[in-house]
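Two complexes are shown next, each including chain A; its partner changes from chain B in the first to chain C in the second.
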Partner chain A sequence: MTLDFALMADKMPEILSGLWVTIWTWLVATILGAGLGFLVASARRYGPAPLDWLLKLYVEVLRGTPFLVQLFLLYFGGPFVGLRLEPIPAGLIGLTIYASAYFSEIFRAGFEAVPKGHVEAAQCVGLSRGQILRRILLPEMTMLVLPQCVNMAIILIKETAILSIITVPEMTGVISAIGSQQYAFVEAMFLLAIFYWVLVETCGYLGRLAEARLSKFRFAVP
Partner chain B sequence: MSWRLFELMLWAAGYTVLLSGISIVIGLGLGLLVCAAKLSPNKALSLPATLFISFFRGVPLLVQLLLIYNLLPAVGIMVPSVVAAVVGLSLCTAAYQAENLRGGFNSVPRGLIEAAEMVGLSPFQQLRRIRAPIALRLTLPALVNEAILILKASSLISIVGVIELTRMAQNLAASTYKPLLFYSVAGGLYLVICWTVAGGGSILERMTKAGRT
Partner chain C sequence: MSDVSTAPTPAAQATPQTATPAVLVKGVTKRFGETEVLQGIDLAVPAGATTCLIGPSGSGKSTLLRCIAFLEEATTGTIAIHGDPLGFAEAPNGQRTRLSPQNIREVRSRIGMVFQQFNLWPHMTALGNVCEALVTVRRMKRSDAEARGMAQLRRVGLENRAKHYPSELSGGQQQRVAIARALALDPEILLFDEPTASLDPELTGEVLNVMRDLAASGMTLLVVTHEIGFAASVGQRIAFLDHGRLLLNGSPREVFGEPRHPRLAQFLETYLDRGAAALL
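Then we have the complex of A and B:
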């Protein structure tokens, strides 16, 4: 077997557009997923008990089923309840909801890991709930949850590949289509694997950099 | 949904469990080897292990599966798609399990190893009697977690044409034109499987903790 990567070279513009779709869908879903996850974690902490149970069910169901099945349910099942989505919005919504469940668990653990004494001390000096959240919980949590958030972001890069199954024109979809056209599927898959590998390692490296920079705030955490 | 169709879904769920189980077991064996290589002071062993772990953790499983599924025939190995799928799942989980095991071996208390040296256990005896049992017990929660991840990830082998739970739901959804129903049932079955494994895992953890000194 010989590998001929030249076949892929003249398809570079298409490959780069796929790479771009992968990167922006990933960024949007990660940011929205983290935001929604934070809301879910906060609602479970501060909301009434029934809301907590409901959201626990939301989290457990999303964490207990494959992303592919969730995506199929949204994309193919959606039209039957009047939710007709194009591939990219469906992929973004699916990935955001999926991510929110995992992020909410990260934030929940983060809330719990902040020492009770710090919150009590803040209450004693008369800080309001909002102030405690903004001044005490969030800064202390950031350090605690950062490694897991980076980890989740890396998992999400890899999950974007699944979007190709519902025909989102991201990297996996584009490169495997080119591979089939050129009859060079193995080369295409190698190239694809290397692209993801570089993306994931870069993200991990940036995460470690951010952790190192923020580690000066670690004094807040015992 | 008729009982006959539900039976098909159950059968497919069983197949998902079987294939995931096989992959987990092969992955554990392979993961032990990779972990041993990674912990070795010999660079010729540890470097390939590091590369293996980084690659299989850094590339989406879907891409790994497509690569293996197409690479095997290209190098002249003709296997049914289910074998390619199990190979892909096993290699992927091996990389994750190797990292988990490494964490376990690194968390064995230094004092215990020193004590074992003091009473004159050979390096192999230390491994068999002290380090391996403790490391495996420490890795158990991560192993259960990994099993759940692989059960869910196994939905991707539907892409290479293995008729497991997701593919069965896909086929039935297409032929009956009821995607909502069949994907919900598939999701429900995955939930039952994952929750059962998680429950079994915590019972197992409690049992192994009971024998702890």
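Then we have the complex of A and C:
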């Protein structure tokens, strides 16, 4: 028994379109998820206490249940409450919400990690609350949380595979379908593993590049 | 020294600056939960002079300074900056009312603060740190702000480090940038909270020298310090705090001279082996 990748080569256009769907759904969900996560973290920090409890529940439920289950509930359960979504929008919304819970925790820790003295120094020279958030907290936090954000982005690349369950035409769905048609299941999975690994490595490399560029802003320890 | 020989003109004597203290602290207490860190402090910080706040750890000297910077709010009592109430206005019956945020920011902007931990913003260059408030708060043009920022960096001897980030500077250089940042806003009073306490001994000198220059230029400085030698040689007023009370307040000669207050003598013992005794 030998592995025959020629069977796969014939289907390259389909495979590449699946790869493209994986990449863009991942990028969109990561960016929207990080944005929503930042809003959740800010609301919990600056909003009234009841909002904090409500959002804490949101975060805990999303972190305490499998993404697969969340996606099923959204896609198959949605119609029961009048929410009928196409596979791709359902996948994007599901992944964004899932990501926002984790990102909000990263940003929450980031807020805490900015030294209090940096804020006090800003208060002493007369910066307003909004200016302190924009000019001091946000940039300092970005460099503190960058490694965790890259880590989260890497986890999300792999989570996009789950979107295949609700028939999103992304890489895992496309390639495993081809594998079944051609009776080349092992070849398909092997190829899939390589694609994901290359994506993850690229993301990690870009993350390290960004961290290196930010390293001169690192905290000067007195 | 020439100032001493020239007799002050009657006009100069009559200026209100000499009459109104730069900072007037009246009956300030500060409670954190059960512990009363400040137990009724009355202190007048004269304008144009250097006042040093000394005392053992936990005596409340940093808390007092932070109250004057309005980083902490006094539990009771009032603080005035050149006669203008800071944070709270007091009615004749002793009732305190909080002033508007705008008023608080206005009075506060006349005070500069230098921290033990420097607290430079790591994502901005030395010049960026100095110019930040000039641009965002004072709404100066970037080019004007940078010219002014450079002048302040020159004042602390760091114009050739303007483009460096805090992480690329030594502790002493960082603290000098922090002083330049406070100076850029042209404060009436400069507060120092143990400015050399987190520096290596060989780096404290460069910071103390900058502070000596500022003192000599006639700025109003209020310095919380453990550098007794600096306090004795540069301070024109010495205030000694112990357990949240102001025990002594006077000229270095009055405070350090004989007969010494027993509590101060006990406190100074800890410095004898550090060679500071020779300066007293």
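Keep this in mind: the second predicted complex is superposed on the first by the 218 of 222 C-alpha atoms of A that agree within 3 Å, B and C clash if a C-alpha of one lies under 4 Å from a C-alpha of the other, contacts with A are read in each partner's own complex, and residues count from 1 in each chain.
Keep this in mind: a contact is a pair of C-beta atoms (placed from the backbone, for glycine too) under 8 Å apart; a residue touches a chain by one contact, two chains touch by 3 or more.
Because the structure is a prediction, the values reported are computed rather than measured.
Participant: Where does A:172 make contact in the superposed view: on chain B (first), on chain C (second), on both, or on neither?
Facilitator: A:172 sits against chain B, while chain C stays out of touch.
Participant: Touching A:80, do we find chain B (first), chain C (second), both, or neither?
Facilitator: In the superposed model, A:80 contacts chain B only, not chain C.
Participant: Which chain makes contact with more of the residues of chain A, chain B or else chain C?
Facilitator: The larger set of chain A residues in touch belongs to B.
Participant: Touching A:120 in the superposition: chain B (first), chain C (second), both, neither?
Facilitator: A:120: touches chain C, not chain B.
Participant: According to the stated criteria, A:57 is in contact with first (chain B), second (chain C), both, or neither; which is it?
Facilitator: Neither partner.
Participant: Please work out whether A:201 is in contact with chain B alone, chain C alone, both, or neither, and reply first, second, both or neither.
Facilitator: A:201: touches chain B, not chain C.
Participant: In the overlaid three-chain picture, which partner chain does A:209 touch, first (chain B) or second (chain C), both, or neither?
Facilitator: neither
Participant: May I ask you to decide whether A:66 touches chain B, chain C, both, or neither, giving the answer as first, second, both or neither?
Facilitator: Only chain B is touched by A:66; chain C is not.
Participant: One more residue to check, A:190. First (chain B), second (chain C), both or neither?
Facilitator: So A:190 only meets chain B here.
Participant: Can you list the residues of chain A that meet both chain B and chain C?
Facilitator: none
Participant: Under the touch definition given earlier, write down the residues of chain A that touch chain B in their complex.
Facilitator: Per the stated touch rule, the residues are 1, 60-61, 64-70, 72-73, 76-77, 80-81, 157-162, 164-165, 172, 176, 185-186, 189-190, 192-193, 196-197, 200-201.
Participant: Give every residue of chain A touching chain C within the complex, in rising order.
Facilitator: 115, 117-118, 120-128, 131, 135-136, 139-140, 143, 216-220, 222
Participant: Under the stated contact criterion, what part of chain C meets chain A in this complex?
Facilitator: Spelled out, the residues of chain C in touch with chain A are 69, 71, 105, 108-109, 111-113, 115-123, 132-133, 136-137, 165-169, 171, 174, 178, 181-182, 185, 198-199.
Participant: Per the contact definition, I'd like the list of chain B residues that touch chain A in the complex.
Facilitator: Those residues of chain B that touch chain A are 54-55, 57-64, 66-67, 70-71, 74-76, 148, 152-156, 158-159, 166, 169-170, 173, 179-180, 183-184, 186-187, 190-191, 194-195.
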